[in-house]
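In what follows, chain A forms one complex with chain B and a second complex with chain C.
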Partner chain A sequence: MGLVLGGLLLPLTAQDGNQILRKIDRNMSADSRIIESTMIVHGKRNDRTITSKSHTMGTGKAFTEYLSPARERGTKMLKLEKEMWVYSPATDRTIMISGHMLRQSVMGSDLSYEDMMDDRRYEDIYDARVTGSEQVDGRTCHLLSLTAKVDDAAYPSQKMWVDSERLIPLRAELYAKSGQMLKQITAGDVKQVEGRWFPMHMTYKDVLKEGKGTEWIINTISFNQSIPANVFSKASLRK
Partner chain B sequence: MFSFICKGIIRDRKRSLLPVAVVTIGVMVVVFLDGLMGGMMDNMVRMTANFQTGHLKVMTRAYAADEAQKPNDLALLGSGEVMEQLHRDYPAVDWTPRIFFGGLLDIPDEHGETKAQGPVTGQAVDLLSKGSQEPARLGLEKAITAGHIITQPGEILVSIDFAESFGVKPGDRVTFFGSTMNGAMSFANYHVAGIVRFGNSMLDRGGIILDIADARLLLDMEDAAGEIFGFLPGDKYHNEQAESIKTSFNNQQADNPDAYAPVMTQLMDQDMMRQTLGYTDSMSFFMLLLLMVALSIVLWNAGVLGGIRRYNEFGVRLAMGEVKRQLYRSLLTESLVIGIIGSAVGTTLGLLICLLLSRHGLDYSTVMKNIAMMIDPVIHARITPRMYYIGAIPGILSMLVGTALAGRTIYKRNTALLFKELD
Partner chain C sequence: MLIIRTAFKNIIGAGRATRLNIAVLSFVLVIMTAYNGMLDGWIAESRRDTIDWDAGWSQLWHPNYDKYDIFTLPDAHGKIPIQIDNALQAGMATPVLVIQASVYPQGRMLNIQLKGIDPEQQILKIPSLSLHSAGGETPVVIGKRMAATTNLKKGDRVMLRWRDRNGVFDAREVQVAAIFETTVGSADAGQMWIALDDLYAMTDMQGEATYIVMQRESPVSADTGGWHFKDNDFLQTDNRILEQSSRAESVIIFTILLTLALLAVYDTQTLSIFRRQKEIGTYVALGMTPRGVTTLFTIEGTTYSLFAAFFGAIWGAPLLYWFTKTGLPMPEAYGDIGMAVGDAMYPVYKLTTVATTLLVVIFFSALVSYLPARKIAQQNMVLALKGKIN
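After this line comes the complex of A and B, so read on.
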């Protein structure tokens, strides 16, 4: 009897989970995005604050320019589909980031280049199943279990706590294929921007790394703006 | 009795020549191997010290706890002040900063875009300060296969396999891309001064060397060092001296609760050196034991042959009233004298060969093509006081054991039949 009920319930929860993912994508993804943000990297010895401006087009194109501190100012990163380049004004060199470097930390933060590159929609990468309901920061959340349906997902599985009302992830745990937790993400300061809910403050914690994590604070964000195509070209790195 | 035995040994050379020759060769091999293995261990200790550990090393406590990862974010800040203190407190020791780092070496095409790139592990050493011993310590001149060593800021040495894989030549411009000690991106262009062969497959695949001042700029480590190496006077490692300096330094920091306070380690505490040397000593002992057993078997056989040859002599001596035990003892005394003679000659020959090896060295690079290794390709034998007796122990013991086994036949002779046998 239990097996029959379980068999009936499982497809329903999977369907619910995927519907929730679609709704999250509607909040988080856009045809284009322009973000000015501050990243605070809490190191073992000190904290570093880095500001940047990013332009994103769909899921395949992104351009980021670092504005401060002085050592990083003028450093630019360009992502075109599965390729990524970094430009350093100090050396006047454009360097391709590939291979194992993609797993390295960006600016000493808890984010890797791979994390930054993967802008795909959740529903394109994962199948979700609702496994329960929990409170996070006083808000009722769906607890989703995400399993990758593509081979190239950076994290084969995730546990995600999604605000049941605003459909925004408030907490996530990212796992390796072995089942080991790799990263934790918490989100807060959820605001309504241009008719959608968006977390303006996120904290990333690489659990394999010491330190107190990396805060990512969005200062300004705008969606579906027109961005000139030449922004996403290698020529724009040297400008 | 003793002079009788000695006369017998000298006059009847057929009796003594083979055992003396066997003992001599065995002892010579033991002494030679001891000197050679000692030399090899010295070589290993020297190279480990020069490249990885120093005789002494100062790091922060946090860095030391995770030393294998070379965590530059936990590096020693204010390293100049620490160096000053070290020079003041231990002036006989040569203190020098080192930084180990990793990243990507990118080779540009004619448009300045990535033509090729590969991961590298770097070591920054003080190459340009006046009077620095570091270039000699790392044997850079010998290791260069093309170009020259670093002579000015902005130059880099690249490992041979990396250079061959990516077509890097002296004079090329390359870009290093990695992280500063704070985790920020670090980029710098360098001119390739030379190509080096480290003699270690991992380093040859992706090793680079920079001057410490360039590395400090690159990694945002002004007045910082991952590690400070200390080399004892004459670049010779003395365990007790190192232990004493380490204890004295660490006692000064004992009450400092700071996780980034400096802490000193010595060569034997690092890279499993104590275990490696202990293991090598055990192996040496095992080899000596094996050699002694082999020698005993050969000398037993020689004793049996001698016994057969001297069958009549023993018969006459027994017939003349010499008791079996006395005859057996005289044989053992004879073997003791032969063992001493063989050991003395073998030790002398072994020492002479080791002396030659210690002066001229054994250059094994000649048997390998195109070798220009940083790891010293010339082994110099080590002469130690123990070499004067290390060979004599198995030499004399094996002779005694061999004779004791062979001489048992004396007790099997039937006295009543002796005259009949002599007829």
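After this line comes the complex of A and C, so read on.
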């Protein structure tokens, strides 16, 4: 009787999980986004603060310009589908980021270029199952277990704590195929922006590395704005 | 014969000037023999070590692989061509699979190349036998440079992260089974060696390789199964470029030293002709042709280099021999920048190099002796007899 009941419950939780993923995607993704953000990279000796402005269109196109510090000011990154270019004003050169360079960290942060490249929707990559309920920062969360349903998901499994009311992930743990935890993401300062909940503060931590990780603070964000097509062109890197 | 005997007597009679010229020329000869010997020794060693540790005698590269372009690495792997099965089974070839990975020693992240190799191979000197798994551990071997960079010792465990053929992250702890010492930085720096079967299991790339290392005896000598054949000449490109650059340096140093030495010979000759005007006139008065006198002075100058070779051999040979035993200690930094250099550089004296150095010294000694002497033939010998050569 218990087995039968369990068998009936399992598809329900999986279905719930996938529904939650869909809602998360609806909250987090948009046709286009314009974000001004601050990235604080906590190093061993000191912290670095980098501000930038990003334009994204769907999951395939992104253009970021770094505004400060002076050393990084004018550095621009363009992502078009599977390709990425970086323009450095110091050398006045545009280089394509590929191969081992994709594994390098962005501006010394806990994020690699390939982390930034892979921004497909959760529901396209994972099957989710609700495995419980826990409190995170005083909020009741669904605990989701995500398992990749595609062969090329960078992280084959994830554990995700999703705010049950606002449907925003407040914490995620990203695992390797062996089950070794690789990254931890925490989110906070959830605000309602243009009718949707969005975390304005996130911390990325490569758990294999020492350190406090990298904070990403969104200063301003707007969704579904019209962005001229020429922003996502290589010519805009040198403008 | 008379001219040679006279020239010999004259330079013996010249005393201090002769000793000075011989000392300077012998110094140049010994120094250049030592320098070129060092260069030849280093080149021979680096070529040998490159074959032993990194390149083998020849290689077959996957069509997408380019050793000099790391961007090719993610796509540079494929099934080993069946045409080389016999060479593989005979132990004359061994496959190497290369992927990119990261290690996390002491909480730091380092990007590395993870190289899979057959533990039983005997072509490269990598201590691959240590890669046989024991007690559920995944063993890796690293070079001394990599051990220094990662601060790892034999027996230490370190977290390794990589991506499989689909780009999926995986990570596990590996154990350092051995640390090898090689002069070849390209087999060591930023690299970890792992058993090929372990790497196959980790990446789901069974039966694949990035390149095949082959012995001299391997029958493969051309592109095979779409893979590109690279001969020893190509694989020694780095060494050849370094050799060319070092040879150019050697020529510059030799030119400077020889110029300084020849200045002394030239100066001696010019002064000698000025001082010995009456002697020159007397030679002509006694029947020697002006050309004969020029030849006499040229032989005198050239004889300095022959004496220099003789005395250089007397004091230089024991020194150069001692040098072959002790070598020249090299700072570790040379190895760190990728040059195949051992703890010490041992010279190898090649007969051709020594003979070339000697012939160049003799030729230019003769030339700088002839240049001031040639005007003797153009002089009025009556004036010469009076000591009035201009």
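Keep in mind that, in the parts below, the second predicted complex is superposed on the first by the 237 of 239 C-alpha atoms of A that agree within 3 Å, B and C clash if a C-alpha of one lies under 4 Å from a C-alpha of the other, contacts with A are read in each partner's own complex, and residues count from 1 in each chain.
Just so we're on the same page, contacts are C-beta pairs under 8 Å (C-beta built on N, C-alpha and C of every residue); 3 or more make two chains touch, one makes a residue touch a chain.
What you see is a predicted model, and the numbers here were worked out from it, not measured in a lab.
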Subject >> Superposed partners chain B and chain C on chain A - clash or fit >> reply: clash
Subject >> Partner chain in contact with A:T131 - chain B first, chain C second, else both or neither >> reply: neither
**OP:** May I ask you to decide whether A:Y155 touches chain B, chain C, both, or neither, giving the answer as first, second, both or neither?
**Re:** second
**OP:** Tell me which partner A:L208 touches in the superposition: chain B (first), chain C (second), both or neither.
**Re:** second
**OP:** State whether chain B or chain C is in contact with more residues of chain A in the superposed arrangement.
**Re:** B
**OP:** Go through the superposed model and pick first if A:G43 touches only chain B, second if only chain C, both, or neither.
**Re:** first
**OP:** Applying the touch criterion given at the start, work out whether A:S32 contacts chain B, chain C, both or neither, answering first, second, both or neither.
**Re:** neither
Subject >> Touching partner for A:S236 - first (chain B), second (chain C), both, neither >> reply: neither
Original post:
So, A:A176: does it touch chain B (first), chain C (second), both, or neither?
Top reply: second
Original post:
Is A:G108 in contact with chain B, with chain C, with both, or with neither (first, second, both, neither)?
Top reply: first
**OP:** After superposing the two complexes, find the one stretch in chain B that runs into chain C, choosing from 22-30, 40-48 or 274-282.
**Re:** 40-48
Original post:
Can you list the residues of chain A that touch chain B in one structure and chain C in the other?
Top reply: 98-101, 104-105
Subject >> Residue ranges of chain A in contact with chain B within the complex >> reply: 41, 43-46, 48, 50, 71-72, 75, 85-86, 88, 90-96, 98-101, 104-105, 107-109, 234
**OP:** Can you check the complex and tell me which residues of chain C touch chain A?
**Re:** 70-74, 100, 102, 104, 106-109, 111, 159, 161, 163-164, 166-172
Subject >> chain A - residues contacting chain C, complex >> reply: 98-101, 103-105, 148, 151-156, 176-178, 180, 182, 206, 208-211
Subject >> chain A-touching residues of chain B, taken from the complex the two chains share >> reply: 62, 73-74, 104, 106, 108, 112-114, 117, 119, 175, 177, 179-180, 182-185, 187-189, 220, 260
